[in-house]
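One structure, pasted below without further comment.
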Amino acid sequence: MTQTRGVFGDALLIARKDLLLERRAKIGLGQVIPFAILVLLLFAFALDPDRGVLKQATPGLFWVTVLFSSVLTLQRSFGLEAEDGILEALRLSGLSPAGIYLGKVTALTIELLLLEAVLVLGVAVLYDTEFLGIPLLLAIAVTATLGISAAGAVYGALAARLRSRETLLPLLLLPLLAPVLIAATRGCEVSLQREAMSGWPWAALLGIFALVYLTLGSFLFRPLLEDA
Amino acid sequence: MTQTRGVFGDALLIARKDLLLERRAKIGLGQVIPFAILVLLLFAFALDPDRGVLKQATPGLFWVTVLFSSVLTLQRSFGLEAEDGILEALRLSGLSPAGIYLGKVTALTIELLLLEAVLVLGVAVLYDTEFLGIPLLLAIAVTATLGISAAGAVYGALAARLRSRETLLPLLLLPLLAPVLIAATRGCEVSLQREAMSGWPWAALLGIFALVYLTLGSFLFRPLLEDA
Amino acid sequence: MTTTKTESLSTVPAAPTGTGSRGTRVLGAVALLFLVIAVAYGLLISPPDAQLGNTIRIIYMHVPTVMAAYLAFLITAVSSGMYLWKRTEFWDLLGSSAAEIGVLFFAVTIVDGALWGKVTWGVFWRWEPRLTTSAVLLIMYIGYLAVRAIPADPKTRATRCAIIGLVAVVNIPIVHKAVDWWRGLHQGKTVLGTIDPEMGGTQLFAMYSALVAGILVCVWLLIHRFRAGFLAERASDLGLDQALEERRLESSPAQGADS
Amino acid sequence: MSAIVHLHSAVALIGRFPALAGVDLDVDPGEILLLRGPNGAGKTTLLGVCAGLIGLSSGEAVVLGEDLTSHRRAVRRRVGLLGHDSFLYQDLSVVENLDFWSRAAAATVADGRAALDRLGVASRLFELPVHALSAGQRRRVSFAAMICRRPELWLLDEPHAGLDSAGRDLVDGLMQEAAASGATVMFASHELDRAENVAHRAVTISGGVILPASQPEPASQPEPASQPEP
Amino acid sequence: MSAIVHLHSAVALIGRFPALAGVDLDVDPGEILLLRGPNGAGKTTLLGVCAGLIGLSSGEAVVLGEDLTSHRRAVRRRVGLLGHDSFLYQDLSVVENLDFWSRAAAATVADGRAALDRLGVASRLFELPVHALSAGQRRRVSFAAMICRRPELWLLDEPHAGLDSAGRDLVDGLMQEAAASGATVMFASHELDRAENVAHRAVTISGGVILPASQPEPASQPEPASQPEP
């Protein structure tokens, strides 16, 4: 009982600290969001809108953009934890590793969902998208984001201590998130284009992915924090 | 006379140091290249190959990938200069700012050209591209890369001292490089698809861009290094 | 360096000084036998395919190497779990050896698949989701090897690798399932789906012997890679003794002001 | 087992380098132990081992009754480490840092404020982000974050470095207070005059081993320091 | 103009905070000047101003004959600064760093090696990347990188910090040598006993101003240090 409360208490402490840090450093969203919108614009340039390619590819591009922005967000979030011996301090702190993990995942998920909300507006304006099947879209966004944070926090922490983290993190994380990209893209396509089949299986797949990584991460964070 | 020799001597010193650092840290290319290939793969997911979109979009995707990889490379290259007071040490060193700038640009251009060479192989195999108009392609690659490095080094140095550099750099740099992206993409399309119009004007445009930024950078690096 | 290693190791009773042993020689012989059978049936005895002609014979290499690679990645995952539980060098070495072998076999699959693609489809690569996910899988394990290559304390390195080994394996079934669904959803059967049924008896025999051969070769390589890794660790242990000696010498007053 | 720290033939590797090459050390409860020795001797590494942050590759280590070779985790929350790094979030303000670290250590926010006060951190600095502090001000805040954990074993790496004279006296007082109230203190220092005054006992570490007390100081330590052994 | 450093009512802002609030200071050629004062007094800022790294917002500053308010650049290559940061590339080895920095300062590679030797950096460390060094070892390498520039004005921020006794004596020797050969030395230190022995003159800085020599030490500095003024 006490143990369980402890984990969630720790998670809350960490999540609040992360969001505070986000506010204080006045960076994350303030700069990641413009970055993401910029990526969307670049795609528009690269793909030459006249050919109708862009419209077709909107969901895919949206999720690729989210993926890149998440890598940026993760890098920053764990970069802050690796400075000035903070990781050592966390190991000494007595906070439960699962709590730290869940706290980081919570903060990341909140930040990324905010980002996606803004990005959806961007897509609506830039790519002239009509939104159909809102509940499905919401379900996909939440599960996909949770999956990205859950997997990302594990690798973010793993890469944080290495001097090569800027490049190692995308190398490790992006292949891992390929299924999220596929599932989220297909799910959104289905939802937007009213394809024959329902998109809910994709949302379910994303949910499973998130659950698996959340569980794995809660267990793996202990050895990760302590020995890696 | 002595002054001129000094600038190029300084540039050589800096470029050699950068390439050495690249080798020592065993990172850049060893991880940026896989990252770039991965970005190509992710696009394949996002764009659903069966629709033939991918083949059409190859040049655009190639250059978007190069752009992202350059941001990564720049981030790392200037991240190393900002640690441990190195920027202060460079200001004190007596190296000429233009020399430092040209040295960084040289090292970056070499690294990026290497990356592009590997990426071209990747594209050739993955996207089944036939290469026509090799001289034009080469001219575009060199001028575009020089332009990216020339503009990137200015902003890399500018962002390096800020605590928010991970996110600020792409935000500043990517809009600036949008013309490079467009010109290089169109130029490559022309060259690959033998479109009516010749692609050399694009190469010339890229050359002008590179020259302008090289000149601008050589002058701006002094106030940038000294007072920023 | 090599000589000192073998000399001092041979003074330890029963310490292995090479990577071979009776067991592996027998295993190697059996693997070779199956390889010969597979080559004979695959290349000579079995008939060509109705549609693909003689190019079908690439399958006798393509599929066994994939299966061997999957096996290797599975071994990596199990070893990673065991390492996190038991914390012994054995599991660490086994996991990383298997990952290396797996990457090797998987790369071979991709290369011969690409060559096969060139003769059947006319291109090396298509944006076939299975091919794309294959490449993604390969990169995932290249990431594992990249982390392995970062110099670090052996225990730290082992933990990092074990975590990646466990996380990455979860992705294999997800990737393959997701792709099947994707295909199944709005597209007809693909090339990969269309050819494998309807195999004749000799074709099947060639396939099975190739499969056995592939797996045996994989295990054989794995054992050798493991032992090579083990010996390398022992060699660095010997280096450690010397390093300890030198380190302690720093404290002798004769050495004077050292920093 | 009465010793708070018991190391026997402890070997610790950094990469492949034996930073500790067989350390034997026993520290009694309530003791203030000074670690001295030349640069690169292994003092920082030894403190890291005692904190459970650096693993042993061979040898025995029992700290606060916990065997470090089997479970290092239990020790970590009971020690306080002041290292070369600040252990503070550079973008958070002084009080935000203290609030976070005190709550992480299951202390109250009030403990954190009290610790800041104890370390003489001026209230003008409370709302400043840590990266704006001067070297010595930051060191004080780190120290405050450490003491509000109420550690049983204090591990201090050059605790006087960067502090002004008032700060130095303060630190000496804190160490003595801690020892008097039952905690144990191990600290590394190069400022021997000051350090030897406050320490109950001093050991010399050099080349990754602890020199026997009888052995003269190594050449790089000119003045043969007095060793007030208990 | 005979003074090497001449500051008059110098005000320097960090952000909006006046870290220097009107400093008057003259330093003669060949002098070794100690800056002392409580944490956050402005010592590091003052050294940064003299190095031409931090701009003045008002007041006069002439260093090595160059007016800092108009062109700070000329001064920079003639001073040597040892700061809180290491000024070294962490991923390059010790010799690679020294080679680079000595050539950047228009010195030869041999000068770099000689400087390493002078600082007593063991040759075992030459090929190690800087991030693997201990705190004191790194400090020695930074010092070596500084002296191989043959600066006319030495600006040292806590030069003794982190060094072992041998290193401290070495640093004192280096400062005296530099002063004897015509260079000028300004250093900040909290280790007053040692620092006052080597300095020709000491000034106390507190709250961003230099206290008049007659005025007693501020409250946070208990022992009234002797001021051997020339």
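Labels for the chains are A, B, C, D and E, by order of writing; each one numbers its residues from 1.
The definition used in the following text is that contacts are C-beta pairs under 8 Å (C-beta built on N, C-alpha and C of every residue); 3 or more make two chains touch, one makes a residue touch a chain.
Listed by chain with UniProt protein names: A, B = Heme exporter protein B; C, D, E = Unannotated protein.
What you are looking at is a predicted structure, and each value in this text was computed from that prediction instead of being measured.
Considering every other chain in turn, the ones in contact with both chain B and chain D prove to be A, C, E.
Taking the mean of C-alpha positions as each chain's centre, the chain lying farthest from the centre of chain C is E. Taking the mean Cα position of each chain as its centre, D sits at the greatest distance from chain B.
Counting C-beta pairs in contact, the pair that comes out ahead of the other among A-C and B-C is A-C. With centres defined as mean CA coordinates, chain D is found 46 Å away from chain C. Averaged C-alpha coordinates give centres for chain B and chain E that are 38 Å from one another.
Between the CA-based centres of chain A and chain E the separation comes to 46 Å, rounded to the whole angstrom. The multi-chain contact residues of chain E, meaning those touching 2 or more other chains, are 84, 90-91, 122, 125, 136-137, 140, 164, 166-167.
Multi-chain contact residues of chain A (touching two or more other chains): 25, 163-164, 168, 171, 175, 178, 182, 227. Multi-chain contact residues of chain C (touching two or more other chains) are listed as 129, 136, 139, 142-143, 146, 155, 257-259. Within the complex formed with chain E, the residues of chain B that make contact are 10, 13, 17, 20-21, 24-25, 80, 83-86, 88-95, 226-227. Put simply, chain B touches chain C in their complex at residues 26, 30-31, 34, 37-38, 41, 44-45, 48-50, 54, 125-128.
By the touch criterion given at the top, residues 25-28, 31-32, 34-35, 38-39, 41-43, 45-48, 51, 53, 56-57, 60-61, 63-64, 67-68, 72, 75-76, 79, 163-164, 166-168, 170-171, 174-175, 178, 181-182, 185 of chain A touch chain B in their complex.
Listing the residues of chain D that touch chain C in their complex gives 11, 13-19, 21-22, 38-41, 55, 57, 206-209, 211, 216, 218-220. If you check the complex, the residues on chain C that touch chain A are 84, 129, 133, 136-137, 139-140, 142-143, 146-147, 150, 155-156, 159-160, 162-164, 166-168, 170-171, 174-175, 177-179, 181-182, 185-186.
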